[in-house]
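Comments concern the structure below.
Letters A, B and C mark the chains as written, and numbering starts fresh at 1 in each.
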Amino acid sequence: MHFGFITRIIAQIRKDQLLSVLLLIVSLSFYTCVNSHKANISESEVSFSVTDFRGKALKFKESPKRIVCLIESALSGFYMLHAEDRIIAVSSSVYDDAVYNAYAKLDDRIENKSLPAPGNWDFVSNEHIVALKPDLVIMWASQTESIDAIESKEIPVYAVMIKSTADIYKEISDFGLLTASEKRADSLIQYTKSELLKMAEAAEKITKEKQKVYFMWAQGPLETSGTNSTVNELIEMAGAQNACTSSDEHLVVNLEKVIEWNPDVIVMWFDANKNPEDIMNLSGWGTIKAVKDKRVFELPSVFMCDLWTLKFQYAAKLLSAWSYPEDLANIDPEMEKAVMLNKLYGRKGEDIE
Amino acid sequence: MGAVNTAVSIQNLSFSYEKKLVLHEASADIEAFRLTVILGKNGSGKSTLLRIIAGLLPYKHGNINVAGTELKQMSLHHRARTFGFLGQKHKAVFPFTVEQVVLTGRAGFINFVPEKKDYELADKALQKVNILELKNRIYTELSGGEQQLVMIARVLAQEPQILLLDEPTTHLDFNNQITFMKLLKEFTFNKLTVIAVLHDPNMAFLYGDDFLFVKEGKLIRPKATVNPWDTEFLQSVYGHNLQAIPHANRALIVPDLQQEIQHD
Amino acid sequence: MKNTKLLAIVLYSLPIPVILMSLFTGPSEMASTSSIFAYFKDFLISGTAGKAIDFQTIQAILFEVRLPRILLAFLVGGALSVSGNSLQAIFRNPLVSPYVLGLSSGAAFGAALALAWAFIPVQLSAFLFGLLAVAFSYFAARKHKSLSIVSLILSGVIVTGIFTALLTVVQFLSDPFKLQSIVHWTMGNLHNASWKLFNASAFPVLAGLIILFMMRWRLNVLALGDEEALTSGINPVRNKLIVLVAATLASSAAVSVAGIIGLYGLIVPHMVRMMVGPDNRQSTLLNFLFGGMFLLIIDDFSRTIAGFEIPVGVITMLIGAPFFLYLMKKTNIGWEQ
């Protein structure tokens, strides 16, 4: 009955109208095909090239001066490299309550909300981006449709996909290349690696048995990450072990599995709506060791613990301090944070709370 | 026609749909325990009148008196005990069994689920229309004639005093029409008042006791001195030249072909 | 007739073994049937609680995790099926489900609103917006104190459209974490089941179901048509409103705790009708038992089939839809056109 209705409507459209619509579609697609050929730069003009996370080589005549960065975590990298002057537009997520105050301290343009935000990880205004006339757009590799649309306008896109700490190093070193600040990028990476080495040394001296950590994302108490994830790396850096034994990067588990794993510590991703007491009061969670021992902790802020930036070391340090409070009593999280912010962001970083 | 024998008394009844006046100060008394047929042209308001009596259409002007009570004042329950109504064509959706359909006639007297007494009354009603053997059949799989018999059994299970039937034979074949009209006639012998709207005057004159005509918003009867099948009277109702052919103390009505064709 | 009776007896008694089976089904090895049998065997042979069995953990898994989830799955499945069946009867339409009047989109919007800005609990917000959407459809369709089914279903389509658009706005304004929670919610799932959720939803669900159960025979009368009901002494408008309110109450509460479980309230009533016929006096209770049991079995799959939780709404679609199509081809669905 319903289909009959639709076919009747289709039947009512006149044939010539249908034909003209088809012609329009065909000519538009032809136009875009032809257009996309122009994006190449001749070999002699190339001064340097960078391979993004898709494996695509981006070739540049000169270092890009006008960069649109639609990834909030990647934006942090430009402030670490002191290359923020090249940023002409950011992700709208930068203006979210969770991170706004931090970025406002780093950049007056963000504090005044004068830096345009033509999109985020999900929605992108292609028109707005083209109007900004950028030399380079940085966005997630998963945003394939927007990438195609922007690249068809001869604008190079550096696509990001972060699955491990190695990816974080690659990202910052690529940004160093792009902004002619390779040295700064190297020193940031060296600093982070040395901090991790210090942690590994401290972890060797730990006498307590290996602690099991259950990591909880903000989507819900049963959303966690398995062994093949940045979170897992983080837990291992802290000298602990992931309670979740599945290999999935992100998954929803059954409460009875959590009860069976019986983690020693529960670590929550920052959640404005929930705090550790809420987790401890969840019905059915009472028999879990971490709840009985009141060892449920929440990462203090999205900006400070961003797992997709070099700041992940701070989250790792917190995790180790929570897992081994007796062995690592000399770690002062506030001190660690202040030092890290100064090392990563420079003097401006000290103002971030 | 004494007051004791009047089943339904209609006085100055007016009714209109939006702005179209259908009944205008119509009055008539309908006698009890008889088969009264309401006749008239299409759109004259005969179905409307029946539906007003059945309580399906609310009326504002005029009175309808049923055994001393004004129809408007009757509760749904009281109405269900008094009237049984059978609409033109029932469109079934679910494949209920015949018994389940007939039981719904008891709705007004059942709180939650039907009891033993209700099942007995349903059986009795099926017996009255001679289709007890269809009891466990699926209603939607029956023929049109059988379905109509089930629906009349459903109304009988309600145990009403007055049956209201809106063109009950329209969708039946010739054979079923005869069965059905005979049934209606039998009901009146068992102390039931039957009021039926029919569009076929011949079926009406063959089986009916009283005849009520709807014309220009009024309820009219032929003068006491003439038969209901008086051609002059019928011509005034139907607007065609008609001829009455005498048959078994009554008459069959056919168009007067000579006159009709000359007119064209 | 004999077959139908036998089938009914099977359907009436089956839920108990299914519930027991579900209690011993789950991803945890510790609380599986075999390990619990082993525990009892050790106990009987040696007279001691066997080797290092963590009784407290097993108890927590069985009674704090599985039991509330089993009961919630049963309640949600039963509520959606009974509501769907009742609404199909009063609307005299086979395409009707509890979602037809905008309930699902209203509830999804309410849930998204609460997930994004957390001013009231998610379940309460979903429940209230579900009711609001249905009330909106109802009053939009009401004209001159009468209610046409076609305009009711049409206004349901419009209300669904409005709330779906509003839901998109909320999604647009949400960060990835919140967006993912919203998407998970709309897929329908029972993994957040707890005694707290069960207790919160049991009252409105049972209140609605009890009313529908009392109306079970009257549904037959309403299914016959308005005129037939009115002239046999039943006020169709009032009775339909009672059914509508009761069905909305039960299914809103179900949707608020389980999210949108697609097609369920549409398919199960047809399945039950194919098995025992259209008599609502019998099928109302069977819709509860079969609908509850079937969702429970589906949820058992959802929590054991993989190492992670598969949203139950996805499985109802993937298992329920082909099964329904198979039944539809094989048996006569019995709707007159």
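Here are some notes:
By definition in this document, a residue touches a chain if its C-beta (ideal position, glycine included) is under 8 Å from a C-beta of that chain, and two chains touch if they have at least 3 such contacts.
Model, not experiment: these values are computed from the prediction.
Farthest from chain B, judged by the mean position of CA atoms in each chain, is A.
Of all chains displayed, C has the C-alpha centre closest to the centre of the whole protein C-alpha set. Centroids built from CA atoms put chain C at 46 Å from chain B.
One simple way to say how far apart two chains are is to compare their mean CA positions; for chain A and chain B this gives 78 Å.
Note: centroid distance chain A to chain C, computed from Cα atoms, is 38 Å. Residue positions of chain A touching 2 or more other chains: there are none.
In chain C, there is no position where the chain touches two or more neighbouring chains simultaneously. Chain contacts: chain B has no residue touching two or more partner chains. Residues 1, 89, 92-93, 214, 216-218, 220-221, 223-225, 227-235, 273, 277-279, 281, 332, 334-336 of chain C are the ones that touch chain B when the two sit in their complex. Taken in their complex, chain A has these residues touching chain C: 93, 96, 98, 121-123, 217-220, 222, 246, 248, 251-257, 259-260, 262, 269, 272-273, 282-284, 286-287.
Listed in rising order, the residues of chain B touching chain C in the complex are 54-56, 76-77, 79-81, 83-85, 87, 90-97, 100-101, 103-110, 112-114, 136, 138, 140, 154, 158. Against chain A, in their complex, chain C makes its touches with residues 26-31, 56-57, 60-61, 64-66, 68, 118, 172, 175-181, 184, 189, 191-192, 194-196, 303, 307-309.
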